[in-house]
Amino acid sequence: MGEKKYVHPYIPNSEPNVKRSMLDAIGMESAEGIYKEIPDRLRYHERMDIAEPIIDEYGCERHVRKIISENMNARDNICFLGGGTWNHYVPAVVETVMERDEFLSAYVGDAYTDHGKFQALWESSSMLSDLTMLEATCTPCYDWANAISVACRMAARTTQKTEILVSGSIAPDRLKIVQNYCKPELKVTLIGYDKETSLLNIEDLKAKLNDNVATVYFENPTYLGGLEVNAKEIVDLAHEAGATAMVGVDPTSLGILEAPGAYGADYAVGELQPLGLHMSYGGGLGGFISTKDEEKFIAEFPSLLFGVCETSQKGEYGFGEVAYERTSYAQREKGKDFIGTTAALHGVAAAVYMALMGPQGFRELGEGILKKVAYTKSELAKISGIKIPISGYSYCDFVVDFNGTGKTVKEINKKLLDYKIIGGKDISGEFPEYGQSAMYSVTEVHTAEDLQTLFKALSEICAK
Amino acid sequence: MAIVKVRDNFQQARWNEPLIYELSTSGLRGIIPPPVEEEINREAGDVFAELPDAVKRKSELGLPEIAQKQVLQHFLHLSQETSGANLNNDMVEGTCTMKYNPRLCEKLALEPDFADIHPDQDPDTVQGMLKIYYEFEKVVKAVSGMDKFSLQPGGGNHAVYTAASIARAYFEEKGEAEQRNEIITTIFSHPCDAAAPATAGYKVITVYPDEHGMPDLEAIKAAANEHTACIFMTNPEDIGIYNIHADEIVEALHDVGALCFYDQANANAFLGIARAREAGFDMCHFNVHKTFGTPHGGEGPACGALGVRDYLAKYLPVPTVEFDGDKYYFDYDKPDSIGKVREYIGQSAVVLKAYAWCKMMGPDYLKECAEISVINNNYMLNIMEKLNGVTHAFRDNGIVRQEQIRYSFEPLTEECGVGSDDMNRRMGDYGIPWFWASHYPWVIPEPMTIEPCESYTKEEIEEFCKVVEICMEEARKDPDKFKEAPFNTAMHKRLDNGDLDDPEKWALSWKSYCRKHNK
Amino acid sequence: MKTIGLIINPVAGIGGKVGLKGSDGSETLKKALELGAVRESGKKALVALKKIKEVKEDVTIYTCPGEMGEDICRQAGLNFHVVGEINSGATDAADTKKAARELVKYEPDLILFAGGDGTARDVLDAIGTEVPVLGIPTGCKIHSGVYALNPRSAGSLICDFARDKIKSTREAEVMDIDEEMFRQGEVRARLYGYLRVPNEKKRVQNLKSGRGHSEEGALDLVANYIVETMEPDCLYIIGTGSTTAYIMKKLGLPNTLLGADLVYNNTVIASDCTERQILDAIKDYEKVKIIVTVIGGQGYIFGRGNQQISAEVIKKVGKENIIIVATEDKMMSMFGRPLYVDTGDEAVNAYLRGYMRVVMGYEKFIVAKVSD
């Protein structure tokens, strides 16, 4: 056994006198008096093979800092990755609220003692509903892919149908998650997309729609960066076939791009991370699902839903869980799918972000990003060997074609590191039809100077 | 010695806070996004105006318009109306392992070297993060004895779901997927042990405990047959009794060709004491946000670490994090993998914080967490047993409880009609957060589940018991008034008027609230 | 404002303390009184009525004269109206029945009665499921599911009912044992029928957002599953009880609530069968299955209320062909206790002992211990 030299600051009752007095009270010599209930054959008698601790806080901090200093971050470098996690500015107020121990270390209490959590998450859902124009939004799920998956199963239960049509330009990793989650009852069928625009192929959609389709899922903007001009037509076609329609959106785009509810979609799903969460190597994710305020849709949510209610104090806003009986907490295997700890805190962060931004903020953010992306695309296209393979305007993400440079994206990205630039995502594996192409993402954090640094670097790299 | 303070003059913040929309004044704003530089403006022109009409937002965005201080103030008020483990006597959320969440870990997670890295960065540029993953995997391996882990699932339930997906893949490969369409679980296992496999397509056979509250080995044997794919069981179950048949159950299930999954959500008291491997399980999971000290976030972010034995490793989600002696890298080369269950490689912030927490503990203090947890629990029981009005599940079975206990206010209810919900509301008036009663169904009547893990002091345990005692006394004196509680928490007693269950009345958003309640 | 009818069976329970195992029949009563028995029923009922005093502004009470209600109401300090007449000092079953019929005329929201299984049978005979009822347990034999746990909780339940906190009702069994046989040392419980009682749902109540699933909904799920999985060319012996009755309703078939019916390819081929009729019938079929439910508060699957499905029948059909159905509420009410069999044949009891699956909903199963 190793030495336990200190009373650990996190384990107060390990102080020997305290521990002794407690053991005396229960009439035991040691914890073994309790563990005797575990048969010896189930006991583990060795010392766990775990590295020795660094018990002083400063030492531990230094240790972890040293490890993570091996990472290249997007603050000291210019990062052009997006496609599911985006590099947006995180307002100071959001960070402050996120770090409040009350929100941070709360859990599943009812609204009597966690009233603030209920209200904040209700407001979060409510503001997401403003963005999507669909009046019912659940508390956060794990991430965007999880939101699609859950909503597909909801749609299948609502419509009593078992086929899901999914746009072929969906992010391949998101698709993998949806495919696994739809097993075994649901069939996932991909619809083709147009390589020139990355938009859904309407003819292929028409061909694949049938009376067993529960929902048609497409993204707007598409993963490859197109704006879906046919959104309304897709939704109408789905409805004509007796299916529902589901749109994946970037919520930050909805100050300028049409809301899914406005063109008739039944579900909007997406990612919370761009709403005030750090990228945190994928640790900022949280999904949302918005749908219509109709019982047939709401009754199929597996998620917790918060609602306003009256209390014994007249005029007080109370909160509680809406239609709780749906959930697996209430009904085990007979609940709707399953529910558990997901990403509630990120819902709170999103609430603060949306409240700060307001309609003007989202509008300015969106317009600014549209401009910066358009500018970046046109400047990149001027570089010899580089093309922009997908026509139309983009929001944040867009594809850059390096085939003409004779270099691979991997090579280019490696060289970009010398310029302290983290290049776009290599999609040559995910979408081989675009050859050596990368997906770049430009947001409000990129200044003209940052962008020009990129242009200069790529000109030099591609020229060599 | 510290004092035992019963907070009999407690008042939680109650701001009577308006809904955020009621703070809105047209034209106000909380923040200004970075403006676009003139040269870009010039080059790009008015892109929004040029967008096709079909994609342009035409309707107004109904978000509130509020200045920055008022936004901050609003959410600070709401935070004050919330109880967190770091500021409350939160041993009351049994099964949840509400321990201290060190500030150090939060500080580290805000470092740009972590907060500002993108998950699609080339592995060469995030070696630090991959090392954290790799090293933390070593910890969970040591704690469980499993051979390989995935840290991808987004929470405990999600890990259980992933395990069910793996069972499905395993039997698909054996050509037994159709035949094996059932799973077994026990009623005191977490609801997700039934619900997640059901979502993965399985029929669920539930087993009730024997007369001592112990999982009924014979019943499980009777339930297992050639249709069984897997058993999903928690140990200890949510009532705090250690399942002494764990290995015999595994043997019985293996005998019929089924797999065994160990839900280790309640593992805190068994770090270094008992492991999934010794019991023979094929898979197990930990709730990293519970056992390994990271904050629960009011229900996430979370991480479910799913561990498997070597023969199941090929089904784990892609990618796994590997080390070639020089560099850390992703292994996507797993043709039998179930695919993915969450984007990227999981909830990295939780993994980072858990790594730091474990670094503060090491093997011996981890074990000390376990030991102090079970001592705390039995110390509390010793006090509670002397109180009149409260008992606990299977009280007289002679089995020493482990890390938590499901108490029951049935005697109090019999006596004066005051039950678990009433007690819960009233105890809030003494600064005790909402306790975890029980999962449903409430097979133990009027339940309360308490898990006084290692973070709490002796005095806090005594404070809690004292509050229970005082409240029961109040209940007897004036049950009708008691049932109107709470009086001093952030919210008063909810009216049972259908606001939350009637589709005509429920309001998930401001818009629907205004429409349905004539605002 | 709720209207409540109240009947006290003043002699209920009188035989208990003098070892007479019940008080049904005037001879027994006479004997009990000779043995020095005291009338305790009223005293127990008083506990419930004192509790009801809390809601006296919210209820209008109609009750019977003298010891059948009036006296106790007065002692409890309640306001009440007296209706009908009784044979004071020598009340019997006929008085209970007469009183129940009389009270129904005042359109009560609920009839509260104090007594035992015999009293419940009398109420059943008089009014059936017309009006919801609740029993205050004061008798010796309490096998019926229509009684509250104890007089105090009966009082609390009525308070909740008066405050409109209980919104639904469920059917509960009226069971009784044959007292003649019982006094001779043999237990022969019978299922006499069902009364409607307030659905309190103690063990699954308090979901955060209130409203639980209705009893009907739960039955529906069980029945749906059974109907969907019924096999062609198989003879089904449908046991007694309301859960199996619901299956028959789903099938659109006529049903004998208190008897066994035979169903083959969605047709009833025999109703309310005797053991002999069942044994004769099963000879002609290759595949036979039994569907039974859990009867009574003690949880019998065989031997209470379905003696027609005898040891002999069970032997012939085989354990693997027995389908047990029950709602979750029913199973929860017996948590921690096994299901029982009492077929009258030791060997068959032993054969059934062990563990069996119970269908508790649509594709919802538990494994329950079976004991004898």
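Think of it as A, B and C in the order they're written, each chain with its own count starting at 1.
Assume a residue touches a chain if its C-beta (ideal position, glycine included) is under 8 Å from a C-beta of that chain, and two chains touch if they have at least 3 such contacts.
The structure presented is a predicted model; accordingly, all values stated were derived computationally and were not measured.
When every chain is represented by the mean of its C-alpha atoms, the one lying closest to the mean of all protein C-alpha atoms is B. In terms of C-beta pairs in contact, A-B outnumbers the other of A-B and A-C. At the far end from chain A, in terms of centres built from Cα atoms, lies C. Taking the mean of the C-alpha atoms as each chain's centre, chain B and chain C sit 41 Å apart. Separating the centre of chain A from that of chain B, both taken as means of CA atoms, is a distance of 19 Å. Work out the mean CA point of chain A and of chain C, and you get 54 Å between them.
Along chain A, residues 110, 320-325, 330, 333-334 each make contact with two or more other chains.
With touch defined as above, residues shared between interfaces to two or more other chains in chain B number as follows: 204, 206, 440, 500-501. Residue positions of chain C with contacts to 2 or more other chains are 207, 209, 211, 364. Looking at the complex, you find that chain C touches chain B at residues 54, 149-150, 152-153, 156, 165, 202-207, 209-211, 328, 332, 335-336, 354-357, 363-369.
If you check the complex, the residues on chain C that touch chain A are 207-209, 211-213, 361-362, 364.
Of all residues in chain A, only 110, 320-325, 330, 333-334 touch chain C in the complex they form. Those residues of chain B lying in contact with chain C across their complex are 187, 203-211, 216, 218-220, 222-223, 414, 417, 419-421, 437, 440-443, 445, 480, 496, 498, 500-501.
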